Amino acid sequence: MLLKSVFSGFGGQGVLMMGYALAVAGMEEDKHVTYLPAYGAEVRGGTANCTVVVSDEEIASPIASSPEFVVAMNYPSMAKYQNMVKSGGIMFLNSDLITETLPRDDVKVVLVPANTLAHEMGNDRVLNMIMLGAMVRVTGIVSEESLSQAIETVLEGKKRSLVEINQKALAKGAEYIAAHN
Amino acid sequence: MKGKIEIDQELCKGCGLCIQVCPKKQIEFSDALNKKGYYPASFKERDRKTTEKLECTGCALCAIQCPDVAIEVYREEKEQSTTAKKAAPTDE
Amino acid sequence: MSETKEKKKDKKLMRGSHVLGEAAIRAGCRAYFGYPITPQNELPEYMAEQFAQMPDAVFLQAESELASINMVMGASIAGARVMTSSSSPGISLKQEGISYIAGMELPAVIVNMMRGGPGLGNIAPAQGDYFQATKGGGHGDYRLIVLAPAYGQEIADMTRQAFDLADKYRNPVMILGDGMLGQMMEPVVFPDPIDPAQLPAKPWTLTGCKGRPSRIIRSLWLDVNREEELNWRLVRKYEAITAEVVDQEMYLAEDAELIIVAYGTAARIAKGGVQRARAMGIKVGLFRPKTLWPYPSEPLARLADQVDEIIVFEMSTGQMVEDVRLAVEGRCRVSFYGRPGGVVATPEEISRVISSTHHRAHPKKVAGGRASGGSRLTVVG
Amino acid sequence: MKKVFARPESLKLTPFHYCPGCGHSIIHRLVSEVIDELGIRERTVGVPPAGCAVLAYNYFDVDMAEAPHGRAAAVATGIKRVRPDLVAFSYQGDGDIAAIGTAETIHAANRGERITAIFVNNAVYGMTGGQMAPTTISGQVTTTTPLGRAPLRDGYPLDLSEMLGIAAGSVYIERTSVSSPKWINKTKKAIRKAFMVQLEDRGFSLVEILSPCPTNWKMTPVQSIRWVEETMMTIFPPKVIKDVA
């Protein structure tokens, strides 16, 4: 098994954290992982994206020119990656910000209203973990237990107080999938 | 005689600065070339013409100015020991 | 069970530049001098943060790359395990000092996270500094030991190796990477830390002449015979390094009819391309030099006897390809595929290059695609 | 009779390669005497420049490390930072410290590096054969200013010591001369003080020393020391430029 995922959105949506958490979870399961953030001026401003590869074997290229999974948190991200997703792959769209339909029928689409769900939880910032929880529930790249545990590593140190709300957000995303798909 | 100097004839490059600064005019260029080809400075204890004995005070101005550290200075001991550091009377 | 858990704890997901910094500290590096330049700033930032907790360690942000490499020189003269890092334009500025460090036979570790160029270029991953790194780079007749990691774990291992080699041979060692290796996170297990106090004494350092004659560390030899002697002595040292240090990875090479040669980031992309081409039934393997100087010419020459053609893939317009040709000495065809300027090729692209090359060599066996446009594919007989 | 003036211990018995009347070797002796008197010979590391004093390591009997042209302050910084117990001094000419090495010098001073710079100002590039230096005075003829330095074309002589005095990290900066026994004794005191500033861990110290270059000035040694006093000192007046108590 070698699965490549791209996470994309605009700065502040926590896109890099999504990828990082997935990579940590993969590592905790003793899988081979690479986490490759896009690097450049755009990291500090507009769009942000990262690529995560999780594999049972050594990973050759950390680059995904045709990823199995793409998570798009806004429309420009969907537009950027919609033609790259592997045929038979899945695109996860933040349906609060994306109303457009995907012009492909060989790719499965999973809609998650991440902003709305985060708002319901009383913390607008956890939309990323809601989306990640949904994505992992659908794909099973890692176990939800590992993912939840990974949050403790990701938020080590100063951000410890945020562990619980982020773990709850993961669960909320997973529950949303269970209820709607 | 209160003092004397010794000029290393091979270290000296004959720049003449010691001759310039000696208050007693007791240093002159040698007539003989050294191995490097310079006419080194030499210490004269007597005036050439009058053969009168000259009085080096061991003031060390020549050695202080010498760019080649070619001069050693000796002085008669009077009171306590003097060090090279205190050798120069013009020192402020 | 508890053992595996302990092991898991040792494994860390870290970005390459932090891996390099941590590995340097564990290698006993206690002095870092640098000047900011993207894409390697995470390394000096890591050193600054860690050294802030270590009273015996020195981090100094210098006023320029020129100053920082000369501070490295001073620290090495005084006996420290010392490192500096920069990216392409900054490394150019350091070349003066690097030449002196090589001439004075001082150990030092220099990291170059290459970017697209020439000139200011861009901060994307590229490999345009191969010549500069492996052919001397600065003035005079010298070589750096050049290590080219491609994996996070290798960054950790090679950084340790870099400090050991630098001390062993009293020679500067360059770690050649790029922004992708620096930014990418992979799980890493670090070697145990070395206590710098336990490192073997260096009997040549300048530490004050207490109880011994005073020493001079210099590179100036106005006597031409002594300078020639020094140059030949360096050559003998370089020959010893060549015999002992050369290293490479061979992947699916045993039965290969075609070999792709690539290093660093390019090698990982090439490996992905090899895997795809293998799935198409093409007997292709990867040869990845881990040391760029000394270059693994002999093992490559042996492979050349076995294969029909060698493809060299670089993120440049063709630099290492010259060393490949020198190593191969006409035993087989050598072709080149390059993506310079910070363009990162994809494994798909490389598999297309492999299959079209294979098609040319074996027109009846497999029908292949074509190399993508825009890049240069040259063939040398 | 007692020997009252002899070669200091920190100065090897190697004949100097400098020209007759050159100020460098006087300054070598003064630095060596100070090192002896402070008892720091066995923990001193010197960093000479490129230029006439590039071979200074053949004369000082202390550990000596070469530096590329202009970079002595950076090399000395590296040494001192990793071995603060050592005494690090740079020995630099005007071209080395005030042209190619200006950045390294100003920033070492501004960081308050605990190093001591001996800055030999002879208003000319000596070893390369008498070209214009950053401290060449206006009107002075050199091989690259055959009609004399013209400030509007060639720039003005640079007051590096004054610039360094502005830097917050510099503690002690003095300009002296070796043009007479009186000035030589003053210079030695200044060098001693500059080393003391380092030993007291206070910051950057520098002594600028006006020094004759009879060969490139095309003068006799006696004329050259007069030129220092009558001409150079009007442009570069000897004084304590900075002395932080």
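Letters are used for the chains, namely A, B, C and D, taken in the order the chains are written, and counting of residues starts over at 1 for each.
One rule holds for everything that comes next: contacts are C-beta pairs under 8 Å (C-beta built on N, C-alpha and C of every residue); 3 or more make two chains touch, one makes a residue touch a chain.
Since the model is a prediction, treat every value here as computed from it, not as a measurement.
Shared contact partners of subunit A and subunit D, listed by label: C. A separation of 33 Å divides the Cα centre of subunit A from that of subunit C. Spacing of subunit B relative to subunit C, judged by their CA centroids, is 63 angstrom. Rounded to whole angstrom, the centroid-to-centroid distance between subunit C and subunit D, based on C-alpha atoms, equals 41 Å.
Subunit B and subunit D have Cα centroids separated by 26 Å.
Going by the touch rule set out above, the chain pairs that meet are A-C, B-D, C-D. Partner subunit D is touched in their complex by these residues of subunit C: 30-31, 33, 58, 60, 62-64, 66-68, 70-80, 82, 96-97, 100, 104, 206-211, 214-220.
Contact residues on subunit A toward subunit C in their complex (touch as defined above): 20, 23-24, 27-28, 30, 32-37, 39-40, 59-63, 65-66, 153. Interface residues of subunit B, counted against subunit D in their complex, comprise 3-4, 10-11, 13-17, 20-21, 38, 58, 60-61, 63-69, 71-77, 81-85, 87-88, 90-92. In the complex of the two chains, the subunit D residues touching subunit C come out as 41-45, 47, 54-55, 57-58, 60-68, 71, 73-83, 86-88, 103-104, 106-107. The touching residues of subunit D, counted against subunit B in their complex, run 1-7, 11, 15-16, 18-26, 29, 33, 37, 180-182, 184-186, 214, 220-222, 225.
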